[in-house]
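Both of the next two complexes hold chain A, though its partner changes from chain B to chain C.
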Partner chain A sequence: MSLAFLAREKLPAWTERLRRDMAVFAPILKNGHATFRAVGPNEFLDLDRIPVTSAKLTVFPQTDILFSFVIKKNPDDLTQTDIELKSNLAETPRVILGARPCDARGLLLMDPVFDGKVKDPYYLARRERTTVVALACAQPDRACFCPGAGGGPYDTAGADLMLLPVQDGWLAQALTEAGKKLLYDDIFEAPGDRQPQAQELRAKAEAYLAHAPDMRGAEKPFWRLFHDEEFWDEVTAGCLRCRICAYLCPACTCFTISDEEQGLRGERIKTWDHCMSYMFTQEASGHNPRSPKAYRMRNRIGHKFCYYPEQHAGQVSCTGCGRCVRSCPAGIDIRRIVDKIKRKGV
Partner chain B sequence: MSALLNPYLPSIARILNVVEETPDIKSFRVRLCDEQAMEAFRFEPGQVAQISVFGAGEATFVINSPPTRREYLQFTVLRVGEVTGRLHMLRAGDKLGLRGPLGNWFPYQDMRGKDVVFVGGGIGMAPLRTLLLYMVDNRSEYGRIRVIYGARGPANLCFRKELEELREAGSIELELMVDQASLEWSGRVGLVPNLLLELAPSPENCVAITCGPPIMIQYTLAALEKLGFKDENVVTTLERRMKCGVGLCGRCNIGGALVCVDGPVFTRTQLKALPSEF
Partner chain C sequence: MSKLDLLREAIRAKLPELDLVLAWGDDAPLRAAPLFVRSEDDLTRLAHPALCVTNGAVYLYTLRSKKIGLVVKGCDSRSVIQLLQEKLVARESLYIFGLPCDGVIDERKIGQEITDAGRTVSLTIEEGRVRVRTTDNEHVLDLDAVLADRCLRCRYPNPLIYDELVGEAIAVGETPQEPDDLDAFENLSLDERHEFWMETMRRCIRCYACRNACPMCVCRAHCLADSRSQHWLSLETNVSQKWFFQVLHTLHLAGRCTECGECERACPMGLPILLMRRKMNKEIKELFGYEAGIDPTATPPLQTFSIEEDKIWEREL
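Moving on, here comes the complex of A and B:
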């Protein structure tokens, strides 16, 4: 596969060039954190720090308007009303610039959920128009464990174009036609002799993650521990139900639907939801099948490491991105929970 | 409208009339505004629909008119929360949103030639009504049909008049009971699972179908087991908080099964294969 070189100082020019034809979603530095969002004019991309958020909002935004409604009164008989619904799908082509391999894999994990027996047209409208420029992780940190979830810091799954960091920029490797199209002649150069340097960084990153715990294969131990309330109480005790783990997770897909109304018009909105919230399964009658916090944690872990893999050839619903570990205010480490399950559930 | 392509987009339906069943239960009889869509609307007994009150949101209700009666679709709603509260304010002529039919249905073909016992509690009688009326409309295909139905008090018995008329017509046998009697109540007082044990219907060539509050279902399933009903002859329909209704939003799962698409109807055989998380 042929390589091209993107000099570090050409990144803004490339971003601006891409912005002409499509919406660019990339990590933007703000208040010391890099977070994914739609890039505005002259915004500074940060491809060095591991982004705090995942790239999933590109195809599955935090809030998404499913349709708007207007209630129309009949002027001759005000008790008679008509309801008009209008829905729009997002049809702008988009590119994720600087998706980490864990972000790209996250898209592959969400696809079977939203593109299964029932299709989510809002997700698919964006997904089908999204090109993924992935950035290999030369500097994984202590929270990272992608090899344990089936990926790797240089994994190309889900990417159209791969950027491999080198000292003065990135080597770009096109993996699909869509990726190749983004290698503009006036911005990219010949790779020169940078390949050994990229290889060296890759070997270092992979060695750093060589001992990541394997998150797969917890299905049977999970079932064995399902009714062990003491176990679930113990692993859940610290959880503050702040929801940050699900919001940062590139593989979490659960959402809620709610209405917002202003007088005679309004919108129905699909919003990220969180399984650790009491309200998630709270029924109008007052009954809640997952009332204790520990039952909700059991469901969260079960979904990612048992139910999902049982339905998807053993693939866990986790990419090992480490975001939930990095940002948990209570220091809960999902690696430790899965490890405990595997040790105890034998 | 691309209602078929967009699973989130409701069809608009018009309320033909509203029946006050009890002080806090109303039945809404609706037709889709698009007459062609209404004619083409097909469903099976036990399937549900998402009903929208635009501005308040959506909630899941069983279509409790049987597919054998097609002049309207009936939804029976207990007033408990935000959506049901707003629904109760609607009148004939008002419009609402409808997405459906959703979910699976009662295995009524497998019940042909068998005796049937319905065990209902409170608003749980609504999903049972669909199947009951379907069987009444195909009466010769089924054996003895017994209905055991309980509610908090006499005023809370839903479809009471209709059920009593069916008894008088000889279509069904009916046992009504209440948790708490009023002065004029001369019938049975107590809890449905206990009455079930007392009446002790024979499990021989008999299917039991139950729906009610979770705690009632739990005790009814236990009672049926005690009476010797085989797992495959015990059927229930579950309720869960649902949002999308089509298997995407992720909240109605019991283990790896989704109540909205793999249910809401489950046999006890199927329930036993799932983790007990009710």
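Moving on, here comes the complex of A and C:
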């Protein structure tokens, strides 16, 4: 596939050009933290740092208003009410600019959940209109382990267009027709002789990650340890039960649905849920089958490294992006937990 | 013996009498993680004291049925005092190893100083300097430049409560000047302050790490923010809901917060939320002359009342 070159100083122009036709979701830097969000006018992207958050909010926003409702009273008989509904399907075309290969893979892992036997029209409305411009990772860090989850720092899975870093910009490689369309003639140039440089960076990045632990194949050991309460207590001991790991995860899909009302008006919303919080499995009766946090951690790990791969040909529900590792305030490292499972559950 | 060796020996000697000891392990080069010492083997993993940022007091409430050993820095000890004050943990179930603290390293500050902090292989501290080895480079930084902000204004480097002091107490010099960020904040107009917090809240992801890392947040599953049967907060991720929670948390901590800074450290977005708690503490100090986490027998001012408060002129309102 042919390559084009995007000069570093042309990035703002390209972003503005894309914004004409679609919503652009990209990492924006604020106080040293790059996070994905919809880019506003003249905002500068940061493609150097590994973003703290993942790009999943592009297709699976933290709060998704499904529909709004108004309860209308019959003026002649106030005990009679009627309800007016207004659906809210997001149909704006969108592009993720600077999704890391782990973000792009995250979309592929979410797809079977929202586009399986049951279709989620809200997810699909966004997903079908989303173009993914992925940025290869020339500088993975010590929290990264994508090769251990089936990916790689230069993996193209899930991408429409791939940006390969070079000294003065990026080499762009279109992988789909949708990706090709974004290579505007007035912004992109001929690649010149930059390809060897890109190759060299790639080799370095891949070598850095060569020893990433393999997160796959933990299904059987997991089942063997399922009832080992001491084990789960130990690996969960430091967990603060906050929501960072799930909220930053490009593959976590759990959500909850609630009606948020004010008087006779309201909205039905779908919001990110989190399996480490007590409320996650709180039942209406008051009983909670996963009351201790160790049970919740077992479910979290089980979902990612056993239940999901059992249903999806061994693919784990983890992209090795390392975001949970980087940001966990209690220093919990999911690699260590899976490693312990594999060692102990033999 | 180094302070680390002294600590290891102190824990080793006491471990047979305790269910577990809460200390710090050397899991990552720039920041130690909580270590739950259950056997002597675990002691090989003790981290350098300068990396021990987390506050072990956060785990005490859930472990209150056990006989716990806890290693505390000065700031951590104030959280323990506050928990004792409120009878949330029992003194007799605790054995406290007091660790005089020279300050802890803020890994985010290292990230601001060097671009490849994420690729750190090792960190060593030598005479006021920090040597960071990364995959491709070696950096030498001033220790003062990478110490946590809370350490720069610390007035209690020595634990205020302990059963055993590990190593020598640190001579406390003059009270450090408060960095002027709180003064600067107070000099803003109300509108500017409001805009500052709204902008901060826009970046909040509502992960509740601030709440859960707080040793004084003991409501756990009964937090107002999680209540659905009383619908105090909606699940929307908008600025007003996020702000509502921050205000709620700050008010709940009024006169209880010991400024350990764990809320701010835990925040994945790096939001300056401790500032709000510090402002509240300043108000409490001015109004009631009270500082949290100093005296285990005191009562927090908002958990009691006087018929006539010295500084509240309600009759003149």
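Keep in mind that, in the parts below, the second predicted complex is superposed on the first by the 346 of 346 C-alpha atoms of A that agree within 3 Å, B and C clash if a C-alpha of one lies under 4 Å from a C-alpha of the other, contacts with A are read in each partner's own complex, and residues count from 1 in each chain.
Just so we're on the same page, contacts are C-beta pairs under 8 Å (C-beta built on N, C-alpha and C of every residue); 3 or more make two chains touch, one makes a residue touch a chain.
All values reported here derive from a predicted model rather than from experimental measurement.
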For the overlay on chain A, clash or fit between chain B and chain C?
fit
Which partner does A:T81 contact after superposing on A: first (chain B), second (chain C), both, neither?
first
To the nearest 10 degrees, chain B and chain C lie apart, as seen from the C-alpha centre of chain A, by 90
If we overlay the two complexes on their shared chain A, which of chain B and chain C does A:P121 touch? Say first, second, both or neither.
first
Could you say whether A:S258 touches chain B, chain C, both of them, or neither, answering first, second, both or neither?
both
Could you say whether A:N299 touches chain B, chain C, both of them, or neither, answering first, second, both or neither?
first
Now for A:V113: first (chain B), second (chain C), both, or neither, which partner does it touch?
first
Does the superposition put A:H33 against chain B (first), chain C (second), both, or neither?
second
Partner chain in contact with A:T176 - chain B first, chain C second, else both or neither:
neither
Just to be sure I read the superposition right, which of the two partners does A:L66 touch: chain B = first, chain C = second, or both, or neither?
first
CA minimum distance (chain B, chain C), superposed complexes, angstrom
5
Which positions of chain A sit in both the chain B and the chain C interface?
256, 258, 282
Hey, which residues of chain B end up touching chain A in the complex?
1, 5-10, 12, 52, 54-59, 80-84, 93-95, 97, 213-214, 239-241, 243-244, 246-256, 261, 275, 277-278
Considering the complex alone, what residue numbers of chain C touch chain A?
25, 27-29, 31-34, 36, 54, 58-59, 108, 111-112, 115-116, 118-120, 135, 203, 205-209, 211-213, 220-221, 226, 228, 234-238, 262, 265-266, 268-270
Of all residues in chain A, which touch chain B in the complex?
66-67, 69, 71, 79-83, 85, 87, 113-114, 116-122, 223, 226, 253-259, 261, 266, 268, 270, 273, 275, 280-285, 287, 289-290, 295, 299, 302-303, 306-307, 310-311
Which residues of chain A touch chain C in their complex?
30-33, 35, 48, 50, 52-53, 62-63, 139, 141-143, 208, 234, 237-238, 240-244, 247-248, 256, 258, 260, 269, 271-272, 277-279, 282, 326-327, 329-333, 336
